[in-house]
Amino acid sequence: MDGLRNISFQPGIAPHASGSVLVCFGNTQVICAASIEEGVPRWMKEQGVTGGWLTAEYSMLPYSTAPRKTRDSTRGKIDGRSMEIQRLIGRSLRAGIDLEAIGSRTLWIDCDVLRADGGTRTASITGASVAIALACNSLIREGKIAKSPITRRVAAVSVGVVCSEVLLDLDYLEDKDAEVDLNLVMTGDMEFIELQASGEESIFNEAQLSKMLDYGRRGIRELVKKQEEVLENLS
Amino acid sequence: MDGLRNISFQPGIAPHASGSVLVCFGNTQVICAASIEEGVPRWMKEQGVTGGWLTAEYSMLPYSTAPRKTRDSTRGKIDGRSMEIQRLIGRSLRAGIDLEAIGSRTLWIDCDVLRADGGTRTASITGASVAIALACNSLIREGKIAKSPITRRVAAVSVGVVCSEVLLDLDYLEDKDAEVDLNLVMTGDMEFIELQASGEESIFNEAQLSKMLDYGRRGIRELVKKQEEVLENLS
Amino acid sequence: MDGLRNISFQPGIAPHASGSVLVCFGNTQVICAASIEEGVPRWMKEQGVTGGWLTAEYSMLPYSTAPRKTRDSTRGKIDGRSMEIQRLIGRSLRAGIDLEAIGSRTLWIDCDVLRADGGTRTASITGASVAIALACNSLIREGKIAKSPITRRVAAVSVGVVCSEVLLDLDYLEDKDAEVDLNLVMTGDMEFIELQASGEESIFNEAQLSKMLDYGRRGIRELVKKQEEVLENLS
Amino acid sequence: MDGLRNISFQPGIAPHASGSVLVCFGNTQVICAASIEEGVPRWMKEQGVTGGWLTAEYSMLPYSTAPRKTRDSTRGKIDGRSMEIQRLIGRSLRAGIDLEAIGSRTLWIDCDVLRADGGTRTASITGASVAIALACNSLIREGKIAKSPITRRVAAVSVGVVCSEVLLDLDYLEDKDAEVDLNLVMTGDMEFIELQASGEESIFNEAQLSKMLDYGRRGIRELVKKQEEVLENLS
Amino acid sequence: MDGLRNISFQPGIAPHASGSVLVCFGNTQVICAASIEEGVPRWMKEQGVTGGWLTAEYSMLPYSTAPRKTRDSTRGKIDGRSMEIQRLIGRSLRAGIDLEAIGSRTLWIDCDVLRADGGTRTASITGASVAIALACNSLIREGKIAKSPITRRVAAVSVGVVCSEVLLDLDYLEDKDAEVDLNLVMTGDMEFIELQASGEESIFNEAQLSKMLDYGRRGIRELVKKQEEVLENLS
Amino acid sequence: MDGLRNISFQPGIAPHASGSVLVCFGNTQVICAASIEEGVPRWMKEQGVTGGWLTAEYSMLPYSTAPRKTRDSTRGKIDGRSMEIQRLIGRSLRAGIDLEAIGSRTLWIDCDVLRADGGTRTASITGASVAIALACNSLIREGKIAKSPITRRVAAVSVGVVCSEVLLDLDYLEDKDAEVDLNLVMTGDMEFIELQASGEESIFNEAQLSKMLDYGRRGIRELVKKQEEVLENLS
């Protein structure tokens, strides 16, 4: 199966954020919000780094899974998986924006999974890219910056090998059984940002890698097209 | 002003929960989800308490306010205000259910504020009461319990004194300026569950208390009517 | 029973504090200390708030109950109940003092329960009000402020319904069986500061509320009289 | 100065504990409470250790010093100094009791400093030894054990060198200026339990050590006599 | 530069572990230890998973970098980067062992960086693979298992693009300036286990990916040869 | 047995530190590193203390014992024993250095136990004293200070009573069975810095104390000689 699941973007889900979208990859639903804070983290000032910063936080809402997932704040810390995902989200999105151009501001990206059915990290990146574009538009409208700091559209998709067959945009059941798992983050111009492939505690070969990359590129192309559509409709 | 803001309930917002609703009190929006977990907390077994348990967690999503609110899991602990609110929500909702009748199960109530504009605790209680009803219906449908354990409809509303005038269901700006702040939790039969009135670090008198209670009762009556409507439409 | 238990105040229990008192409501004993720190919390400076601040911490000493209660510092955090109580204590006491008049200082109120037998929060508020008065006297004696910033005497009492009978100032066994539980914080002029009534996970009606308020007011009147006596004896 | 400060023991300060005493070494005042809990820590069961256990917790109440000391539970952890002191208290007291003879029980020793003026650890050990004796008496009275498990009276005292002069039982100002600091824990039969001598980040010689031990022994002898007196008066 | 830095393995660095090695990739030095614990984590029992478990912990010793790095235990938690690396190490190593065959035991893999100069995660994986082989040998010698559970040799290497040139096994200064960063984990039979490529907050293209994979494979081949040598010398 | 175990110092174990040594007391091996940081802790500035600071951290690496020891960062806090030891190490080493003379710098002393077999705290102090000397030499070489701030050589040794016999420099098995346990920190001129003697939850007498001190002094003399040798060889 080389097609994506149903993809949709519902802008404005969190009106207090500067830009927000509810992104759906099939049954997976993620609230993506971009909030602008004046000022930058202390380490930037200490190291003399100019311009702005972008940082991401990812969380699964307790009712996003069945059975219910214990809240991070109850356990007192973020689990390793969430930490890894939010670091990936932040890194990927920073590849698509000119932070120098946003001035001394911090873009907070929040990705909260409302319903989890596989691909929450790729949906988060793809949705947050739209939320950032909306937040930048609001900065322009408010006259805080003159032109868009967006340098590349960023999208992400998962590919896997399930029962020896390559599948695009896996849902939870497919992902659970996958023999190989690949997450691909690319730009609208089909350049790589991140590529993470794992044999899921086993192994994979070069032919599999090559076919997965083919499927992935096809998915990215389609996702970027949908991102452009939703942004066009709003402008 | 003795009227409520626009009130609405959107059921099914979190499909992995047993019952869920997006409740709106004006611009305030709260995701209320009721998840059922088999088994009860250890303290119940240790103390030989039979039946089930209901516990609530309340959180403001970071983008629910402008400027953005730091995430609880980042600070490593729940703040005092959230703790107090989630204790109130749990206590209030336990007054409306026969926990003996749900068997050895835990009802997890999650209230996540998507957009905050005053009255998040009263919206949470009012919405969660609907989510619980939906979750109990699903228990019945699955044949796990024979009849509904719901004993009373629970609703909550805020009342305040702003510029010497009594107001019902305050939004954020009204709440910020309120000289007296009252939160009222009542049943569909107009009995009290909780009453919390505070002079906001100043004082109030008996006449004010009396008038606020009048307004509050009116609001509760209307809220319960709307709860019944949404539940009827779904059955 | 509409009478208070034996009430006493023993000033000077913690000589290193600016003002302190051991307050007893029957067998309930609470060390109340008011310590003055030069300077105010950072948030006040950041928000440009002038004057001073008052903040309260409440704790049950491990040997205040049988069986022994685990220490907060061992569990690494304050429990929800203690947090709620110390927020109530702080809010109530701030209603009785002109913080502008104490200058850029912080009043730390510590309430440590030495022996718990019901009503620890109301004893804490009532005792701390005396400790604050003593601390303010010491500020005047040291020439740091010209006149007392105390604007109102603050006292608190619990009322409950036990076996359908209204009782004032409940001890632990009465409190445990109470069907309704009301905590009342009022001024010496019989104005309300806080009113918290709970059906204890069940319900109560207006007649009960009304009678409880009557009993409560009688208790407050008596407590304020005793506060005045002890302060007069010391001056 | 080879004499102790005024020493006193006020039994029954914490009536919910099995044994308790307010001990005073001059202006230093410590609440010492011994609470009995049925059962022993998990590690004893896992390692197959029979008999009971004794563990100590030490804390300075926030108003025990001027300026006020931040509460452990606020900082979220016990500081290094308190940890070290409570380990010393536990170890010292376990030398004076036959834990096998108290059965499968835990003796919780709490030492909370109400007023600090030097020697809080030695006052804690000396006071807690009396509290344990009282708690054991109550175990005997309740018929839970047949005879006292107390094997030795335990007392502790500080000695120091200040301006080249050896001083016994130092108060805060003396302690602050001490060139050498020695804490001595001994039995009623004048045997050593613990000896901790420190050059306070500098050095000391053998003659000083020898003279300090002489002074210390004299102090211990007097403290044990006072312990015996207070226990005799109570029996 | 398509060659590895000087690679060496010094077995027995931590004699209390079942298997240990100090691995050096140029100036990067990592202590890799494999400790065997009887029993498995609770989640395996709860989920009915049979066989053993392997888990990894990674840490940079404070003096491994200049300036000194703050200790994890001082900050109270592991940082996101360390968490991500230790998850990668564990996942990679589990691909090379038949956990069913080690029985109900846990293999704890500790990787502590003694000196950091780039490639600490790849050195950790490559060294730990040797430590595990040594630990399994000791299990066989002790008669606890009959034959080796090792299914594949595991090695890892970094590749990067620096100033448009592809480099193998980057040191710290090269890594800092790298435009693309790739970490490759492979087996002795040249199958993939994990592949992580990042444009370092920018982008890379397919030609670069392809060339980096070529270099990486060459490095892996050499590393596995060196692993075999050191293990042969020890048997 | 009045002799030390085999003692050795291997300098340069952690090349990124300013001074480092792997110290061995028999089978006990500790990495001791001294790192120099420009600036001093905030409390020094606030209290107006001039000169530099020295602080120590002690940790047992997980594979230093069999069975493996859980990592501090996994448990989220340092255990009481480690805290006590690192406070002793810091205090002891500060007695041997003129902190005024190192300028506004912090000396971080890290002691990580690679292999534990008794006496890890005494080995840490003795090894760290050498690491500090090396770090100070590097400060002189770099022209940051004119002459050595070292005022005294510091060494430490353990003595114990095992089966009524006094033993010097106990290994783990001897230490476990010791009836009395003494740790002695002294200078090269045979003056006391710290003396900690414990009856190990039982008692000891003066004759035992006296004989243990004799043995300890002999050990210190030998350790200081070895420290001088290793430092001489390096200069």
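In order of appearance the chains are A, B, C, D, E and F, and numbering begins at 1 in each one.
Following the convention adopted for this analysis, a contact is a pair of C-beta atoms (placed from the backbone, for glycine too) under 8 Å apart; a residue touches a chain by one contact, two chains touch by 3 or more.
Because the structure is a prediction, the values reported are computed rather than measured.
Colleague: If you walk from chain to touching chain, how few steps can bring you from chain B to chain F?
Modeller: Minimum step count, chain B to chain F: 3.
Colleague: According to the touch definition, list the chains common to the neighbour sets of chain D and chain F.
Modeller: Intersection of chain D and chain F contact lists gives nothing.
Colleague: Can you name the chains that touch chain A as well as chain F?
Modeller: The common neighbours are E.
Colleague: Since chain A and chain E are copies that touch, is their contact same (over half of the numbers shared) or different (under half)?
Modeller: Same: when the shared numbers are divided by all numbers used, the fraction is over half.
Colleague: From chain A, which chain is the farthest off, judged by mean CA positions?
Modeller: If we average the C-alpha coordinates per chain, D ends up farthest from chain A.
Colleague: If over half the contact pairs have to be identical by residue number, which pair among C-D, A-E or A-B is the repeat of D-F?
Modeller: Looking at which residue pairs coincide with D-F, the repeat is A-E.
Colleague: Chain C and chain D are the same sequence; what rotation (0 to 180°, nearest 5) superposes their CA atoms?
Modeller: 180
Colleague: Which whole number of Å gives the spacing of the CA centres of chain A and chain D?
Modeller: A distance of 59 Å separates the two centres.
Colleague: Could you state the distance in Å from the CA-based centre of chain B to that of chain D?
Modeller: Taking the average C-alpha coordinate of chain B and of chain D, the gap between them is 50 Å.
Colleague: Can you work out the whole-Å distance between the CA centroids of chain E and chain F?
Modeller: 33
Colleague: For chain A, write out the residues touching at least two other chains, lowest number first.
Modeller: Residues 77 of chain A each touch two or more of the other chains.
Colleague: Linking chains that touch, what shape results: line, ring, star, complete or other?
Modeller: ring
Colleague: Could you spell out the chains in ring order, with the walk beginning at chain D and its first step landing on chain F?
Modeller: Beginning with chain D, then chain F, the ring reads D, F, E, A, B, C.
Colleague: Help me check something: in the complex, which residues belonging to chain E touch chain A?
Modeller: The touching residues are 77, 80-81, 83-84, 86-87, 91, 94-95, 152, 187, 191-199, 201-206, 209.
Colleague: How about chain B: which of its residues touch chain A in the complex?
Modeller: Answer in residue numbers: 13-17, 20, 27, 31, 33, 35, 37, 57, 59, 61-68, 71-74, 76-78, 108, 110, 112, 114-116.
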